[in-house]
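For reference, chains read A, B, C and D in written order, and residue numbers begin at 1 within each chain.
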C-alpha cells in the first residue's frame, strides 16, 4: 500500500496512460466495456489524487523523480544540478489536479450514454484518457520542457476529440483545424521561450531556474512570449476566437474537459509569473497586462454571449467571460506582489478569489455544458430559436440548469457568489472601476442565462418535442454529482478556502516554498 | 457551524443567508395568507383578458431566443456591429491577433 | 492511388528489404548511435509508403493491412508503458536491468567505448517498443491518408 | 557574423512562417507555415547546444580528446520533431476532412463558425 502511496504522483498519470493504450486492444474483444473500463480507471485516478491532496496539504510539497532515487546528479567536478525529469506537486498543483480528476471522471461517466456510435468508440475513450494525462502532466510537472510535451499531448488529444464528429459534419473539423493551428503556434512560442531560458541558464527545472533568474533582457523576452500565448490557451480576449468554435463543436463531455484543459494553461501562466519570475520581474507591468486581459475577457465575452443563438456557443462565450474573473483576481494579486502591505491587505484575498473561481468555474460551467449536451441529446439541435418548453419533459435537466445558471450568475448561496464576492471586495480596494465592471458583467451573465432559460425550458410544450424524454441515468448521475459539489461549495465556502485555496495561494506567493523543496532536498 | 468566509472587509456565510431567507419567506407567506381570499379555481378568473380579443394558441405564444433582448442589441448597435464583425472566423485573423498581442506585450514588458 | 510502371515496381521490390533492415538496425542500435525507436520506425514506415506509392492503394491492400498495424501500434505502446511500470519498485521508469548482467545488462564503459550491444538495460527494449509503435502508427497514417486521397479524387472527377 | 548565421536563419524561418499564417489563404499552406515555425524553433534549440569545432555527443567510437556539443538540446529537438510530426499529420488529416465537407480549402470560405 505504501508503495502505491509513494508512487501516487505518477500513478495518477500512468494508470490513465496505460488504460489509453490498452483500450484499442480491449476494444477488439468487446466494444461495450471500454467506456466502463475508462471510467473505472479515472475513478482510481481520482482516488489517488484525493490521497495525494491529503498528503500535500498535511505534509508539504511532494517531489517525484523519474528513473532515479534523487533529483540531482552530482558531476565529477562536484557540481550538483537538478537534471532529472521530476514531478513537483505542491498545493496549487494538486488543487488543479483535483479539478482535472473530478471533471474527467464525470466526463467519462457522462460519455457512457452520450457517445452512441460504436465505430471508433475505443479511440474516443483513448483520446479522453490521453487528454486527462496531458492535463495532469501540465499541472504536476516541475520541468519546463516536460511541460511543453504535456501541453502538446493535451492539445493533440483535444483536437482529435473536437474533430471527432468531423467524419459526418464539416463544422467540427473546421473547429479542430482552427484550434490545432492556434495551439501549435502557442506551443512553439512556449518552446522558443524555453529555449531562451535554457540557453541563458542551462537549466530546465522550474525551481532551479527560479533560484538563479535575474530578469535580464532575455528573461523579459521569455516572459513576454510566455504570457500572451498561455493567456491565449486559456481563452483571453482578444485571442479568444478559437474558444467558441472549439467548445461548441466538441461533444458535451469533452467540452467540459476542455474547460479544465484551458484552466491548466491558466495554471501554467500563474506558475510562470509567480513561481518562476515572482518579485524578480516587474510585477506591476505583468499584473496590469493580466488585469487588462481579464477585464477585456469579462466584458467582451459576456456581451458577445448575449447575442448568440447557439446554446453551446453562448456558454463558450461565458467561459471566456468567467476566465476574465480569474485573470482579474490573480492579476491584482500579482500587481501588488512586491508591496507587502497591500498584498496582506487585499492581495491575498484577491488571489484567493481568483484561484477559488477556477474550481467553481470548472464545476458550474461543466454542469452547464452537460445540460446543453442533454438538450442536444434529446432534441438534436443546439439552436435556441428551435427549442422551447423542454421543462415539461426534462425535469431533472431543468433543475440542474437552474443550479448551474444561478451559480454562474453569482447568486447566493451558490459557489459562484463566494468567489465573486472575494474578487469584488478585494479588487475594489485596488481599483474601484475594475470591481464595478466585474459586477456589471455578473448582471449581464444573469441576463443572458435568463434568455437561455426562457427560450429553451419555459413556454408551452412544442409539438415537435412531444416525444422528448429525460436523458439516460449515467448523464443524470454526472450532472447530479456536479450539482451537489456546487451546492456544497456554495454552503461551505470557508472550508474550501481555508483548506484548499489558501495553501494554493501561499504556494504561489511564497517562491521559496517552491524552490526550497527541490533545492533543499538535493 | 456558520463558517464565516473572510473577505477582507467583511464576512459571508451562506448558512446564515439561507436561514434568513427561510425566515423572511415564512413571514411573507404568513402575511400573504392573511389577505383577501376571493379567488376561485376553474372559473373565468383563470382566463386571460385581452380586451375581448380571442386568445391566441399556446404554441404560437412562445418567444424564441432571437427576440429576447432585441431592444438591448438594437440600442447598442454601434457597439455590437464592429464587435460581431471582429469575429470573422478566418484562421488568418486568429493568428494575426495572437501575433499582434504578443508584439504589444513584448513592447510593454521590454519598456517597463 | 494508381499503380506505377513496372520499373518502379521492380526497384521498389528490390529496395524494400534494405529499407526495412536499415530501419530495424536503427531501432536496435538506438542506445549506442544516433537514432532509436522513432527514427528507425519512421525509416521502416517509409518502406511501406514506397510500396503504397508504387503498387497503388488497391494492390497494396494485400500486404499492408490497417487492422494489423493498429494492433501492433497499441501493442507497442502498451509494451512501452509496461516496461516503465516495471521499475515501479523504486520509481517509475527506473532502469532496473542496467548493469545487472543478464539481458542488455552489461556495464557500459564510461567515456569512449567500442559500442557493446549488450548494454543499456531497459532502454533498448523501450526503443524496440517505440519502434514497433512508430512504424505501425505511421503505416496507419499513410494508409488512411491514401484512402482519403482516393475520396477527394473521386469528388474532383465527379 | 558567420557564427550568428544559424540565428539569422531561425529568424527567417519564423518570419516566413508567421507571414504564411497571417496572409496565405490555403489551409495546406497554413500547415506549411506551422511547419516552418517549428523548423525554426528546432534549429534555434540545436544551435543553442552547438560549440565550435565540437563533435557529436556519441561515445561509441568517439575521437578522444575532442569537445562534444551539448546533448540535451538535441534530445529536446528530437522530442519536438516527434511532436511536430504528430501535429502536422493531424492538421493535414483535419484539412482533408474539411475538404471532404466544404469542397474548398480557402480560409475565406472555411468559416461557417463565426460571430
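Throughout what follows, a contact is a pair of C-beta atoms (placed from the backbone, for glycine too) under 8 Å apart; a residue touches a chain by one contact, two chains touch by 3 or more.
From a predicted model like this one, the values you see are computed outputs, not experimental measurements.
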item: Chain pair with more C-beta contacts, A-C versus B-D; value: A-C
item: Centroid distance [mean C-alpha coordinates] between chain D and chain B, Å; value: 46
item: Between chain A and chain C, centroid-to-centroid distance (C-alpha), Å; value: 35
item: Chain C and chain D: spacing of chain centres that average the CA atoms, whole Å; value: 22
item: Sequence positions of chain D contacting 2 or more other chains; value: 21, 27, 30, 100, 110-113, 115
item: Per-residue overlap in chain A, given as positions that touch at least 2 other chains; value: 177-178, 181, 185, 244-245, 307
item: Chain C: positions in contact with at least two other chains; value: none
item: Pairwise touch network: line, ring, star, complete, or other; value: other
item: Residues of chain A touching chain C in the complex; value: 3, 7, 10, 14, 17-18, 21-25, 28, 64-69
item: In the complex with chain D, residue positions of chain A that touch it; value: 145, 148-149, 152, 156, 159-160, 163, 166-167, 169-171, 173-178, 180-181, 184-185, 187-188, 191-192, 195, 198-199, 204, 244-245, 248-249, 307-308
item: List of chain D residues in touch with chain C within their complex; value: 56, 58-62, 64, 78, 82, 85, 89, 92-93, 96, 99-100, 103
item: Residue numbers on chain B that touch chain A, as the complex places them; value: 3-10, 12-15, 17-18, 58-59, 61-66, 68-69, 72-73, 76, 79-80, 83-84, 86-87, 89, 91, 93-95, 97-98, 101-102, 105-106, 108-110, 112
item: Of chain D, residues touching chain B in the complex; value: 18, 21-25, 27, 30, 107-108, 110-115
